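In the two complexes that follow, chain A is the common piece, with chain B as its partner first and chain C second.
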Partner chain A sequence: MSAHVHARPAPVGGRLLNLATVTCGVLILAALAVLAIRFTAGLGAVTNLNDGYPWGIWVVADVVIGSAFACGGFSVAMLVYIFNKGEYHPLVRPALLASLFGYTLAGVGVIFDLGRYWNFWHILWPGYASPNSVMFEVAACISLYILVMWLEFSPALFEKFGMKNARRRVGKAMFFLIGLGTVLPMMHQSSLGSLLVVFGTQIHPLWQTMALPAIFLISAITIGYAVVLFESCLAAAGYRRKIEMHLLTPLARVMLGMLSIFLVLRFGDLIVRGALGYAFEATLQSLMFWLETACFAAPLVLLRSAAQRRNPARLFVAGALLMLGGSLLRVNAFLVGYDTGAGWSYFPSVPEMLVTIGMFAIEVLGYIVITRRFPVLPREDHAAPAAAH
Partner chain B sequence: MGSRQFSESGEPMAAPGSVESRLEMSRRSFLQFCATLATTLGLPKGAEAAVEKAMAAAERPSVIWLHFQECTGCTESMLRAEHPTIEKLILDVISLDYHETLFAAAGHQVEAARKAAMEKHKGKYLLVVEGAIPTKDGGIYCKVGNQTAIDLTRECAADAAAVIAIGSCASWGGMPSTIPSIAGADSSPTGSSGVAEVLGKPVVNIPGCPPNPYNFLATVVHFLTFGTLPELDAQGRPRFAYSRLVHENCERRAHFDAGRFALRFGDEGHRKGYCLYKLGCKGPETYANCPTALFGDAGAGTWPVGCGHPCIGCTEQGVGFTKPIHTLARVKNIEPPAVYPTIGEKQGQGVSLGSAAVLAAVVGAAAGAGAMVARNLGKAHEAEETPSNDPAKE
Partner chain C sequence: MTTRRDFLRRAVAGGAAAATCTVSAPAAARGNAGRSPEALGLLFDSTLCIGCKACVTACKAANDLPLDVSTRPESPWDTPVDTTAKTFNVIKVYREGAATHKDAGTDGFAFMKSSCLHCVDPSCVSACPVSAMTKDPVTGIVGYDPNACIGCRYCVAACPFGIPKYDYQSPTGEIGKCELCRHRLPDGKYSACAEVCPTGATLYGKVDDLMAEAKRRLALTPGEITRFPRGNLSTGDQPSWEGAAAAYVQHVYGETEVGGTQMLKLSAVPFDKLGHKPLPDRSFSSKSETLQHTLYGGLALPLVALGAMTWFARRNIGAHEGDEGGEE
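Then we have the complex of A and B:
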């Protein structure tokens, strides 16, 4: 790892007030207004949740999808530190930042959806906690991982505030934190799949399988790389920086490898279980299944040759499609393919969507503010692009 | 031995000098009485024999019964006991040496009887106090034989084997101690207090307004049989009678659990015998054995709730005479939910025009923005590729 010399991270700089940040601010205010009603008048006042569908997009989008999008950090960290691919090191900090935000917001987002949120600590408190429940694993992993990730990211903060001693101490424990920071999100992402396994026949056969934990985990890692491609392209376009194509092109190959494993597992499982026939019925579930599958398959076509992998536009679209596919997988498994009995239905209300949009706006705004003010993205030297290589 | 005597009911009369003849009851009735008391006390099987032995053998204990701020309701209640009747009790089971209501004697004569009994049975007599004791202004608001209630209580308690406070007034002050509706008054005008408070030591309390006579009798018989007082709770009440909420054994409990309540006196629910909780029944916060012991030996239903009146919580300090009858009790075991779930739950609504429009707008905006970013990235890429021959690449 130390064999690779990279440009040190530095703040991007520039004005904080612009069209993007103001738009995000407005969306966040709208979400806060809805949340104010939610916390005074209750869940029923703003959501379309009911006894049949006690979770809606606040859980599926803000927490389940939000945390999957936040897998960039651990996917890249795993690549760099565990598979010792030091060349990707410049990608770690920005990916970790996005993960930090994604996971922290996912943790906070759970509170919005809990009817009796003031009891949230019961799930981890000895005496209340039930270590045999899947939800316990989900809760324990997400809360521990958020803590570990803040520690992993703390060097950027210590550098900003000049706390050299703290920086050094964290640096010594970093190998351990990185190990934990890989294990915990893997446990968390797979346990989100286990959560549905225990629902049994209430989940449509296209998604209900004992392989669901593995499917969720591998798709989350794949999404992690897709998010890095997506963000790098977006940051390059937004900040008018040079794209780190020398990193993204090989990373896309890693992503395609994971994607292939995912698709083999996904379809292998469907065939072994004999559930593929459900995909050819004229139902909403089969339509959504093919939409999901198309989003997963498209990157294989879009990025099939090395030349195509050098085209940032294709990387961006492929990354976005993979993120969409991962989102659809989760929406389908948690909501579209979830049938709790005759008569129950759910579609998110406008206020619910406003909160979800606001949550993503917080992530975007936070990313912009932090990359402009804190040393996260690699220093850009206009005179000699990609100097160290 | 030829001529056996028979009672009016035809049962054989007992031999002269035996406990049966003393109590003027048949052997069978006597044993039934002993068994009843043993059961009331919650004693194990076989204890009725001990009770019987104690009753038959023991010298009748001397009892001194004082009256202070009270209505004599406790005595009236005792007078209506039938197992045994009060005359059997005071003439044969105990030796009632001083009782203002029941004594034929009066004045100095009766006070002399009290002092003689206290002298004779020093350290062995039972002191029973009925009524609250006024403590304000040196206790001048209640005097008997020119002695204040405080003095009398202390004097009689000094050499008593045990002190029993009968009724809520003697237990903690009861009705006389409640704050009257006098402007500016912050406590009872006469400072009515319970016996334990005046003596500064715990006594056996048999609260109730009036208390069930058998709770008192059983306590006395326990003392006779075992020489000790029954186990008491934190308020000095015998556990055998006061360890369960009225609510726990209430015959209307099933209506409470099913949510069937009388809402007004005389309404349909009230006539059907529904739960009186919403009429202010204090059963859920009052410890007493009323629903199981009943009153007046008249059979089922002969207790306040059985007659359709909410329990007023007379055995519970801070509830009886203090909380208005109509106010809701604080349920000490399980609180009923304030709101019950509706029967027809909302099953959710499908897509609304607004939500579909917002979702479509978001998807459209994201797709549009994505396409723009992709196009710009593509253009930049083309611009880099076309001048080609860039040796710096890779």
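Then we have the complex of A and C:
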């Protein structure tokens, strides 16, 4: 039995109206304005999408990267409940909250990109749904996972509103929800990579491989830990709380372990397929490949010693670099390494970027509001008297 | 307390499970799909095409498609330069050097039809999550149903020939592509492009017949006089004509590419110069579906994983939730 004494989660408190929340509000309004045009005048009115690049950043950033960034909840829950590392328990709720937002928004973001969105329910409807399609698997798993995460997070809401019966009932099913909450993201995070297999030779050999599901899954788990480091440092700075170094330092080691597995898999696959040679050609693809690889490799150097892993600034930078590397892997595989023939090009338009920025603004705003009002972050009992209770 | 050994043991078990998921025996492996014996298609012979574009106009009329202005505004007339959501068929011209000799690789010119190839094992159908893209089990025609479509454009991205196109200018945009005039079949009519082709460069028929005709032409000596059928090869509804055989590239494009297509192409200019890249014989959809069904066939692996994860979670949950003081 492991019995760790944790501070119970408690609302941070404080004002909701401040520079950060107002900025987020303005960015969200800008995104809504762009979306109003998109839904009345079509995708072409606001995006640079074309038939050579039918998928842009609304798919790659908002959904593929957005959901990978939202793997914190899954990665930490797996560590705590599957690997029985109970000491990380205080990280579960904040990570789950960020995941909940990330995934819910990724699900909503899909609607913006769907050209015939009113039919979206077809994807889960017998008679329409096609199990041969990788996208069907992604859609089914993500939909179910969003539901499961809301249930996993519901104790925080039930506690806030004093609904003891509901809290108890969800608690009884929690072990099953946690099981589902680890298997479902494994399924769709790997499938987000499998999406590209059917693109065949249109995807550059540096990214087209039958190992895509494993590469995307392992990188998503690694990103999950990176996001927790990144968020914990940011939340500590933003709320002037103590950084949970006693948790983050060992978590960084777990992250480096996953990262090493990822790099061995990534390069092993390139070598086995004989594709590593493409990395040494003078192409945009090889340049981007090395940029991606540098971002993945940097944390191994930045955090190589125990002393370095106790340095919050290093944890923050390493986490951010890993998130960047994971983003580059996805942008490279879906866009930079995608070649559908001569004459086509794509770079996101400003309105397109405004929507993506607006989506991330919703996440930040939601995180601030919920952590200030709901019991998510651990109570700071032993902190300075100034800390809000 | 959990020990490091516990942690490692579970990490190894998890790793093994993940490895099993990704590299387990391809129980659900499938090869390329086979072609229906009744499959319908087209044979396009670039050496017979004179670039009149009667097929482009006929396609517009038969499919009730609007004008598509994609040429520069100063051009003397409007003509689409590529297929779009509103243009399902175009004739593209290849020019090299002085462009004076038809079907010559250097200083030559040639025409190539661009429209759906109706793959035997189509990527778009495999990609489509809502069965909006379907392959007819008898005719093999790849059809599209806008009422089922969610507009995700996975088909647009997946097609190795860049054929399905989306209408980005409409808030309710649809995918557009050649459906081999399947709406004309009940009236006893066939593809409008083949019906109007004056030289038989675009020929309609059963794919088996078209393949035999293509092989017959490849076997001819360049310059040899032969008869070229027109319209519908399988019914012989239009008179044939006599002409000289060209110096064909000895390859039927579409015989093996991505598992074969129901549109076959012949040319005297190398195909890659006409925008037809070499493609592997194995269909991309068979690779993708083999991967998916190996991982998810019968939901066996996910259920095993779920069982294991639930077991661990149930065992470990009490230890961590109890200290929150709440009744779990």
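Methods note: the second predicted complex is superposed on the first by the 379 of 389 C-alpha atoms of A that agree within 3 Å, B and C clash if a C-alpha of one lies under 4 Å from a C-alpha of the other, contacts with A are read in each partner's own complex, and residues count from 1 in each chain.
Keep this in mind: a contact is a pair of C-beta atoms (placed from the backbone, for glycine too) under 8 Å apart; a residue touches a chain by one contact, two chains touch by 3 or more.
As the structure is a prediction and not an experimental result, all values here were calculated from the model.
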item: Partner chain(s) touched by A:246 [first = chain B, second = chain C, both, neither]; value: first
item: Partner chain in contact with A:81 - chain B first, chain C second, else both or neither; value: second
item: Chain B versus chain C as contact partner of A:268, first or second or both or neither; value: neither
item: Chain B versus chain C as contact partner of A:202, first or second or both or neither; value: second
item: Chain B versus chain C as contact partner of A:180, first or second or both or neither; value: second
item: Which of chain B and chain C A:51 touches, first, second, both or neither; value: both
item: Dominant contact partner of chain A by residue count, chain C or chain B; value: C
item: Which of chain B and chain C A:89 touches, first, second, both or neither; value: second
item: Partner chain in contact with A:353 - chain B first, chain C second, else both or neither; value: first
item: Contacts of A:14 with chain B and chain C, given as first, second, both or neither; value: neither
item: Residues on chain A lying within both footprints (that of chain B and that of chain C); value: 49-52
item: Chain A to chain C touching residues, read off their complex; value: 1-6, 8, 38-45, 47, 49-52, 54-55, 80-86, 89, 113-117, 119-120, 122-123, 127-137, 139, 155, 159, 164, 167-168, 171-172, 174-176, 178-180, 182-183, 186-187, 190-191, 194-195, 197-202, 210-211, 213-214, 217, 261, 338, 340-341
item: Chain A partner contacts - residues on chain C that touch it in the complex; value: 1-2, 6-7, 10-11, 14-15, 18, 21-22, 84, 123, 125-132, 146-154, 156-158, 160, 162, 165-174, 258, 275, 277, 279-280, 284-285, 287-289, 291-292, 295-296, 302, 305-307, 309-317, 319-328
item: For the chain B and chain A complex, residues of the former touching the latter; value: 345-352, 354-356, 358-359, 362, 370, 373-378, 380-381, 392, 394
item: Residue ranges of chain A touching chain B (in the complex, touch as defined); value: 48-53, 233-234, 236-237, 243, 246, 310-313, 316-317, 320, 343-350, 353-354, 357, 385-386
